[in-house]
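Next, two complexes with chain A in common: one pairs it with chain B, the other with chain C.
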Partner chain A sequence: MSGPVARAGGRAHTAPGPRRGHRGTPWWRGTAAVALAFLLPSLVALTLLRLLPGATALWGSLHHTSLLSGESFVGLGNYLNLFSNADFRNAVGVTLLFTLVVNPLQIAVSIALAVLYTRRRMAGAKVWRALVILPIATPPAVSAVVWSVIFRPEGGLANALLAVVGLPPQGYLTSPDQALASIIVLLSWIGVGYWMLFLIAGINDIPTDLYEAAELDGASPARTFLSVTLPLLRRPLSFVLVAATVSNLLVFAPVQILTGGGPEGSTNLLMYDIYSRAYALGDMGRAQAEVVVLVVITLVIVAVQFRMLRSED
Partner chain B sequence: MPTHTSEPPSPSTSEALSPSGERGRPLTRARRRLRPRGLLLSVAGAVVGLAFVTPLVWVLTNSLRPSGDTFRFLSPVGWETFLTLSPIADNYLALVGTGLGRGILNSLLISAVTVAVGLVLCSTAAFGLSALRFRGQGAVFAVIVVSFLIPFDAIAIPLADLFRDWNLQNTFTGLILPGLGNGMAIFMLRNFFLAIPEELVEAGRLDGLTWWGVFWRIYLPLSRPALMGAGLMLFLFQWQAYVWPLLMGTDAEHVVGPVALANMQGQFSVDYGLMFAGSVVLILVPLVIILSLQRYFIQSVSTSGLK
Partner chain C sequence: MRKRQRVLASVAGAASLALVAACSSGPGGDGGTIQFLAPEDPAFFEPLIEAFEAAHEGYTVEYTQVPFDQYNSTVQQRLSAEDDTIDVYAVDQPRVPWMAAQGLLEDLSDVEEEARAATTEGQYSTGIHDGKLWALPVWNSTQLMFVNQDALAEAGVEGPSTDPDERWTWEETAEAAEAAQEAGTEWGLLLEQTDYYYQLQPLAESLGGGSGVVGEDMLEQDVANPEWVRAMEWFGATFEDGLSPRGVGSFETSPLFADGDVAFFVGGPWDLGGFADSDVDWTVAPMPYFEGGEAVTPSGSWSWGVNPASQNKDAARAFLEYAALDAEGNLASTERQTIIPANIEAAAEYLPRVDTLAGERSAGASDLITYEVQNTAVVRPVTVGYAQFEEVMNTAFADIRNGSDAASRLEQAGEQVDDAWEPLR
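What follows is the complex of A and B.
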């Protein structure tokens, strides 16, 4: 994502000298009004629909509203209050654990599958690969509903399949130990195929002669993967890493639909904590502070990505 | 994406989804000797592929079965768990007139309007940022970049507060609006537009075209792939939306597909046949669109980074 930003307005600098239009003035001059007319609808939309709510969240996070005294400025009070709140700290912990498991897991599996499905010797690789890709069309909320039936402790598909291999039935979403893992499964079912698409594209872009050279040198498949595939996959991989981290930070539908943050707070991810703080608890000030925290975390992650890609260029 | 030197994957991605044309790497002798490994690979590939598609097959089969039979073939698991020899369309027909059927139609309406209006908004903005030049362009561009770096879901709650103040709750306008301001689509279209030669603009201007004429007659016809990609992005944003419609479209008339489906899940007695038929439709619509536009799919999402 770094390039286009670095080039912002870049074309203006590279434009050749003063070309003349038919009125004898440089042809681009006087176009500011026209350009603004083209830009205005989107600028209004983006300002009202993205920047303004960001600003109101920031404003709201610094104020406390009560029926008695109205709105009053409390500075960082909401934030301090938030960080001393046990539910919030639990949500941060759960989100951290979730992030540290779901992202490496999804990325490792999608790398493995991308490598697997680009092997020449596999019969029907395109067909099997297409089967992994099919679930990416599933909206997250639909995945949640479908898997809720699969995960039913009594009479669900998952336990029926476990019975085939002689394993006892599990609680899945109803078990404090398994609920978060169950949510990771239903998200990865969509995510892995999605990330794999980018990695397959990246692998297909690696020049074939590098593999031939590695083969002539007698490199093992593991060695070839570490010395050829992985280094040359850096760009798509760093993109996938950030995109996955950001989208997994915003997971909401499965928690809201399936567990309501439970059992025992074990699936209380940040997005759901914000939602329940705002609507179930009606604590807008602190919910807004939490929104700000989440947006800042996201922006930091994306900024790191900018850095990584830019230093590479 | 012609001007996109810094983006991750882009070329040769069309083959990722299509079962044709494996990239022809020449077989070496060393490779040919490894037949058993080829077999092992194929088995591994098939097992993983089938594992991923199993839930979809189960959902599809149960959508073609009477509701009472959903859990009938599970103990023990057999071929009948995943296949039915007597498929029925009843569940799909039953969607008509239910909240879920209504929700799916609402989702279609919202997505279609978002794509149509969103493309006009985003492409005009991209034109203003690429074909034309003016002082302060960098600042305007920065505003657009910042706006798409803020994840929409995170600011949905403060925005919902504003929309309530503006009396937009439970209106289609309220459901559609957030999908229109898509900074990412603008960004993507702008990059595409920057590759259009200036000479074409000059020639068009000399021939007496207005700026709108340059945009409409020159830029848009040249940008079909980018418009497809941007349209797909606008569509998926709305089709997959859950947080926003949950906050905004709370009455029965304005419910969207995913929310209606999720509401079914919590009910005391669930009509599983209906639920699965609805799920199949909600998955199939984007799947068909993604498959037919797959060439543009990776391009658009890889420039987005944020889903």
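What follows is the complex of A and C.
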């Protein structure tokens, strides 16, 4: 793109009128224009669907809407108000705890399964792999309903299994101590298969002669994993880590369907709190401030992840 | 190759222009098609829509159902974004002031006289905010106690009659429910909407705790007074003691009674039709009250209003007025469901039918419903902050059901209500 445009710029001094591209063609008939036209749908979509709503949220977060006094500029007032609100602080705490648990858990299980289904000679590996991937095809709402039946304290499948081994029934989604863990189990049931697909692709790209060499050197499976698989899996792994983090920070449907943020705010993740503040409580100003806070949290976490991965390089 | 590139580039450019166009202009009005949004089963509205379309040539109604749990937030979300693909929508009656104050309801004041004549004063008043009429009531409601006679017979307990003068207390009901459980029935007592303000307000009202909303502008909360705490402690104990199941959400409860797994079930008139197919031998009785307290029942239902962003307001008004003000239309809205018509003429024709909905089992329901609507009904608080209040309270009820301490949870709910109402002041 830069070549033809730069040359066209140079000619403009001696030939007034429309800028002309390579071999005297106008710029809009050159390859730069073609490239721009190809990029245009993405740029328009990016502007309309990402940048504009982002700017609107930022602008809205600086305003307070009151039924009596209308809309007024409050600067950082909504942010200060949010951070003095116990429910919001609880939502931030729950979200951070959730992020710290769900991402390492999903990624560790995904790696383990990816290795199991590629490197190990396991009977029926393709069938098992398909079963792990299957939940991805299930709509989130359906998954939530299925798990609500499994987790039902009275007559649910989970408690029935506990009864078989002589353990007492648990509250799961109705218990403040177990609800978040129950949501993490549900999300991992869906997420593990999805992230595993990327890691399987990454493992299949590792040259097999490296494994053969490791085997000739007498490396154990654990040593092979640590010295061959893991280092060469860093690129897909970094993608999975960032994508899983962002995806899990945006979890909404299971919380809305199963717990409504409860019991006692124990599953009140920021995405649900934003939705609830905006559309159940009608407090758009603070909801938009919360959106900005969530974006900042996401960017900070992702930036830290990128930095960690870079330093490893 | 270059030519092919240009063709593709033109297509890409045109696609982006189309995207811009799509984002900048919404779907416009659709002639005589009325888009109608509500939480009920589409089958319920088939008779109404057919009757309306037959009486109004050139109009068609397209109905969209939004599940009850997501209804209020979905409507709020879509109307706030000035979604013009909704013409007429259902609004929970106590939410009318909130929706009107936000400019999400069309002013209907020009049909004030007709609206006042068509329904009771209480129902008419639910559509008023700031001296103007914003929504028309379509249905009314009450609550009845369904008694599983098979379960009581097993326990050797004689159940309550339909006579309001022989109304049971909650204490008597819980005792009989325990006896039924001991005799083999899985659950003793179940409230249909286990964590909704509509159904739980009467518990506190029965003890004199009020609606929980006070003040001249109805923007002060009083949800942690001793009566509210006592009522909610009793409510929480029904789950703690195993009379009611914790894992069954609101509106998932009726199948348990229909299957014979519950001794006492407190539900709406709509359950009369719903339980007609059940094999259980049931009867109806008045909703209980607390010993030493007052007999109180919930009331109110859905009103319908017009979206100010609608491109088809005349057609929308025609449909709304037919469903609410025309007795024939209002009656058609109740043909496939058991619910009390808000239109006086329609209600007079409709109510006697409920006595025979389920043969002998529903006998006496009509008189009982009429009695409750006239004598024991309380309305939900009419406040511009009802939407926030209900949201906070429903969450608190769910927590208390799951084992939270009633007093501290109500205290916390009060603080949350204060916080949620701050932008309204």
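One rule holds in what follows: the second predicted complex is superposed on the first by the 245 of 313 C-alpha atoms of A that agree within 3 Å, B and C clash if a C-alpha of one lies under 4 Å from a C-alpha of the other, contacts with A are read in each partner's own complex, and residues count from 1 in each chain.
Please note the rule applied: contacts are C-beta pairs under 8 Å (C-beta built on N, C-alpha and C of every residue); 3 or more make two chains touch, one makes a residue touch a chain.
In this text, all values refer to a predicted model and were calculated from it rather than measured experimentally.
In the superposed three-chain model, the partner touching more residues of chain A is B, compared with the other of chain B and chain C.
Once chain A of one complex is fitted onto chain A of the other, the partner contacts of A:64 are limited to chain C, with no touch recorded for chain B.
Residue contacts after overlaying the shared chain place A:45 against chain B and chain C alike. Looking at the shared chain after the overlay, A:275 reaches both chain B and chain C.
After overlaying the two complexes on the shared chain, residue contacts for A:215 are found with chain B alone; chain C is out of touch. In the superposition on chain A, A:164 makes contact with chain B only, not with chain C.
Once chain A of one complex is fitted onto chain A of the other, the partner contacts of A:32 are limited to chain B, with no touch recorded for chain C.
Shared contact residues on chain A (touching chain B in one structure, chain C in the other): 31, 34, 37-38, 41, 43, 45, 48, 155-156, 256, 275, 278, 284.
Chain A contributes residues 1-6, 8-9, 11-12, 15, 19, 21-22, 27-28, 31-32, 34-39, 41-43, 45-54, 56-57, 60, 113, 116-117, 119-142, 144-150, 155-157, 160-161, 163-164, 189, 192-193, 197-202, 204-205, 208, 211-212, 215, 235-236, 238-240, 242-243, 246-247, 249-250, 252-253, 256-258, 271, 274-275, 278, 284, 287-288, 291, 294-295, 298-299, 302, 305, 309, 313 to its touches with chain B in the complex. Touching chain A in their complex are the following residues of chain C: 5-6, 8-10, 12-13, 15-16, 19-20, 23, 70, 72-74, 76-77, 80, 98, 101-102, 245-248, 384, 387-388, 391, 395, 398-399, 401-404, 409, 415-416, 419-420, 423-425.
Against chain C, the residues of chain A that register as touching in their complex are 29, 31, 33-34, 37-38, 40-41, 43-45, 48, 64-68, 85-87, 151-156, 171, 173-176, 256, 260-264, 275-276, 278-286.
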